[in-house]
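The structure under discussion appears below in the form of C-alpha cells.
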Amino acid sequence: MAGEIFGRARVTIELAVLGGLFTVVPGVALGLLGGVSARRRGSATATRLVNVLFLSLPEILLGGLLVFVITTYVVPFTVGVWPSLVDDPAGNLAAAVPPALVLSTFGIGVVMATTRRAVGTVLDEPYVRATEIRGLPVLTTYRHHLWRNIAAPVLTVFGIYLAYLLGGAAIVENLFALNGLGSYLINAADQRDYPAVQGVVLAAAAAFVVINMLIDVLYGVIDPRVGRRGAA
Amino acid sequence: MAEPPLVELDDVSFAYSQGSAWARVRTPVLESFSLQIAPGEMIGLVGESGSGKSTVGKLCLGLMRPESGQVRFTGTPMRRQRPGTLSVVLQHPQTSLNPRLTVERSVAEPLALARADRTGRRERVLQILEQVGLDPSFAQRYPAQLSGGQRQRVSIARALVTEPRFVLFDEAVSALDVSVQAQIINLIRSLQDVHRFGAIFISHDLRATRYVADRIIVLQAGAIVDEGSAHRFYEPAKHEYTRKLQLASDI
Amino acid sequence: MTDSSTTGAPAAARPARSAPRSLRIPFRGDPLGWLGLLLLVLLVGVGILHPLLPLGDPLASVGPRVAGPSARFLLGTDELGRSLLPRVASAIGVTIVLSAIAVLVATVVGVAIGCCAAYASRRVDQLITRVTDVLFSFPTILIAVLVSVVLGPGRPAAIVAIVAVTLPTMIRVARAEALRIVELDFVTSAEVAGARLGWIVRRHLLPNMREAVIVQCTYSISLGMLVEGGISFLGLGVQAPDTSLGALVGAGRLYLTVAPSYLLIPGFVLGLAVLAFNLVGDSLRAQRREQ
C-alpha cells in the first residue's frame, strides 16, 4: 500500500504545486489591481463581481466543461494520461495544466479577496491618502509597505489552501481520470477499505504538518520582528 | 459602635498578568493599598494616567480579585452583591450604551436584573430620566440619536435607577467638552445630595474633582501621595505632586 | 457652572431613524446585491415550490435515454429516460436545504462556542482557538470522506461534512465578535449591575454580533453547497433515488460525450445558486464596512 501511495502521490503533488502557482500569481495580481482601483465606484463593483465569480465557480462544472472540450475538440491538452514529467515534459504539462486550473479557481478568489483587503488597509493609511497618489503608481511607490501588509495574510490563506489542494484533488483527479491520491482515497472509501483510507489520511496529515512548519519558517523570513504566535 | 465603612480596601495588592503561560508579563499596580469609603461619601481619585485609578475602582466593585489583602463591602468580604447594589458610569459615551436598545430599555436593565416590579418600571425610568434632565420623549430613542452629553446622562440614569449604595464614576466626564462637563458634574453633585450613595469619582481634572468630592485622594504609581478634604485642595498644596496637578488644572 | 442646555428640549431632536445601524435588505444602490437577491429568491422559490409548478414528474420514465434538450424535454433526459427539468428543480431544493440546515447547526454551535471562548479562562480560549485552527486548515474533502466512511453515504453524511467544514470559520467570527463586544462599556455596566453570562449573551452579545454572523452564514451556505456538490459528485453524499445538484453532475459525467448538457446544466445551476448567496453576502459585507 505504501508503494501505491507514493506512486500516486507524484500526480497529486504535481497538481498541488501547479495549482498553487496558478492560485497565487493571478490571485495576487487581480487583488492588487482590484484593490488599487477600488476608489472608483464602477470599477469597485466590477472587481467585486470578478472576485465573487471566482469563489462561486464549482470545480465540477469547470472541470466537466474542460473535459468535454478536450475530449470533443482538437486541443493541445489531454485527459486520462499522465506522462512522466522527466521523459515527456510537454505531454506532462498537457495533462496537468487543465486539472491544475480547475483546482485553482476557488483559491484565486480567496487570495484575491485577501490581497484586496490588504491593499485597502494600506490605501487607507493617512500618509498614503495625503500623497494624492492614485491608481497604479501606488503599487510602485509603496511597494515595500504593500508587500509587508500583503505577504502575511496571503501566506496564511495559501497555507490553508495548499493543504486543501493536497487532500482535495479528489474531484479533479476523478474528473480527469488521473491516478492520484485523491481518486485512490475515493475508491478506498467506496469499497470501505479502511486501512487504505487511513493511509491516505495519514499521508495528508503528514503533508499538512510539514506545510505548516514551512509556513511558520516563512513567516519569520517575511517579518523577523514577530513570529505569528508571538503577536497573539 | 461606629458604622462599618461602605467599601474598604484592606492592605490590597494587585498585579495584571498578561501573555501566554510560558511568557507571563506581570504588571504590579497596587502594593499594600488601603482605602475606606463611608456610606454616602464621595471620594475623588486623581492622578496621572496609569497611576492605578481604574484598578482601584474595579477592585471596589468586585470586578477583579486582589492578589492579597481583602476587599470588604459593609464590613463583610466582597462577593456578588444583590443586583442593583453597585453600579458604574464609564468614560466613553460611544460604547456606554448598547446600540440595540432604546434608552428606556437600557435604563430599565438594572431594574430588570434586580427583579423590580414590572409595572412600576416604566414610571421609575421616566422619573430618573427627568432627574438627569431628559424629557420622556428620549425614552424611545436609540443611542445613535443622542449627543455625547445626552448619552452620558442616560448612563448616569441607568447607574442610579436602582438607588445603588455605591457608584463608580470612572472619568465619567473626560470625553465631553468643557461646558457639558460642567453640566454633568453639577448633575452628579445634585443627585448625590438626593440619593446619598457612596461613590468614587475618578478624574484627571483636579478642579472638577474638588467640586464634586468630599474627600480627595491623589494617586501616583499606585500609592496614595496626598489625601484630604476637598476644600483643602483649593489652597496651594504642600505636596509637590499635588501642586503640579493644581497648576495643570487651575488657570 | 450652570446647567444651561438640555432638559431635553425637543429642538435637540434629530431626524428620527427607525432602527439602529442594522442590515437593510434593500442594498442601497448596489446592483450586485439586488442581482444576488433576485437569483436567490428565484432558485429557492423553484427549489421549494417545484411540486406545484408544471414541470413534470421527476421520477417517471417518459422519454428517450440520455438525450440533450429538446422542445419536449427542455433540459433533456437522464439514463432512465426521466425528464431532467423537474429533477434539476428538486435537486436545487435539496442542495440549498441541506446546506442551509448544516449551516444552521454550525451557526448555533459556533456562536455558542465563540461566546464561551470569549468568556472562558485564557487557557480554555487558547485550546478552543488551537483546535479550531487545526480543523480549519484540514482538507475539506478529507473531512467529507471520513464522515461518509463513518456514517455511510447519504444526506446525514453530507450535512455533517458541511457542518465540519463551515464550523471553524463560524467559531472564529463569533469569538472575534464576542471578544470585541465583551470589552465594551455597556457590558461592564451590566456586569456591575449583576448580570450573569446568560443575560449578557442574550441581551448584549447576540444582538450585536447578529450582522457579522448573518454575513458569515451566507458565505457558509455557498461553501456548503460547493461541498455538497463535490461529495455527492463523488458518490459519498446524497444517494439515488434521492438527488442533488452534485449527484446529477456526477451522473451526467458518465454521458459527457453523448449529452454534455446532462453535466453542464446542473453544474451551471449549482454555480448560480452559489453565486446568489455569495453576492448577497458580499453586498451585506460591503454595506457593513461603509458604516
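Labels for the chains are A, B and C, by order of writing; each one numbers its residues from 1.
Following the convention adopted for this analysis, a residue touches a chain if its C-beta (ideal position, glycine included) is under 8 Å from a C-beta of that chain, and two chains touch if they have at least 3 such contacts.
In this text the structure is predicted, and so the values were computed from the model without any measurement.
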Mutual neighbours - chains that touch chain A and chain B alike
C
Please name the chain that ends up farthest from chain C once chain centres are defined by their CA atoms averaged.
B
Name the chain with the Cα centroid closest to the overall protein Cα centroid.
C
With chain centres defined as C-alpha means, what is the inter-centre distance between chain A and chain B in Å?
54
Could you tell me the distance, in whole angstrom, between the mean C-alpha positions of chain A and chain C?
23
Between chain C and chain B, distance of the C-alpha-averaged centres to the nearest whole Å:
45
Among chain B residues, those touching two or more other chains are 20
Which part of chain B faces chain C closely enough to touch in the complex?
20-21, 61, 63, 80-92, 95-101, 106, 109-110, 113-114, 133-135, 137-138, 141-145, 147, 149-150, 153, 155, 158-159, 162, 168, 179-180, 182-183, 185-187, 211
Per the contact definition, I'd like the list of chain C residues that touch chain B in the complex.
1-8, 10, 12-14, 16-17, 19-21, 123, 126, 184-186, 188-195, 199, 203-204, 207-208
The answer for chain A against chain C in the complex is residues 45, 48-49, 51-53, 55-61, 64-65, 67-68, 71-72, 106, 159-160, 163-164, 166-168, 170-171, 174-175, 182, 185-186, 189-190, 192, 194, 197, 200-201, 204, 208, 212
Chain A-facing residues of chain C, complex
30-32, 136-142, 145-146, 148-149, 222, 226, 229-230, 233-236, 246, 249-250, 252-253, 256-257, 260, 263-264, 267-268, 270-271, 274-275, 278-279, 282, 286
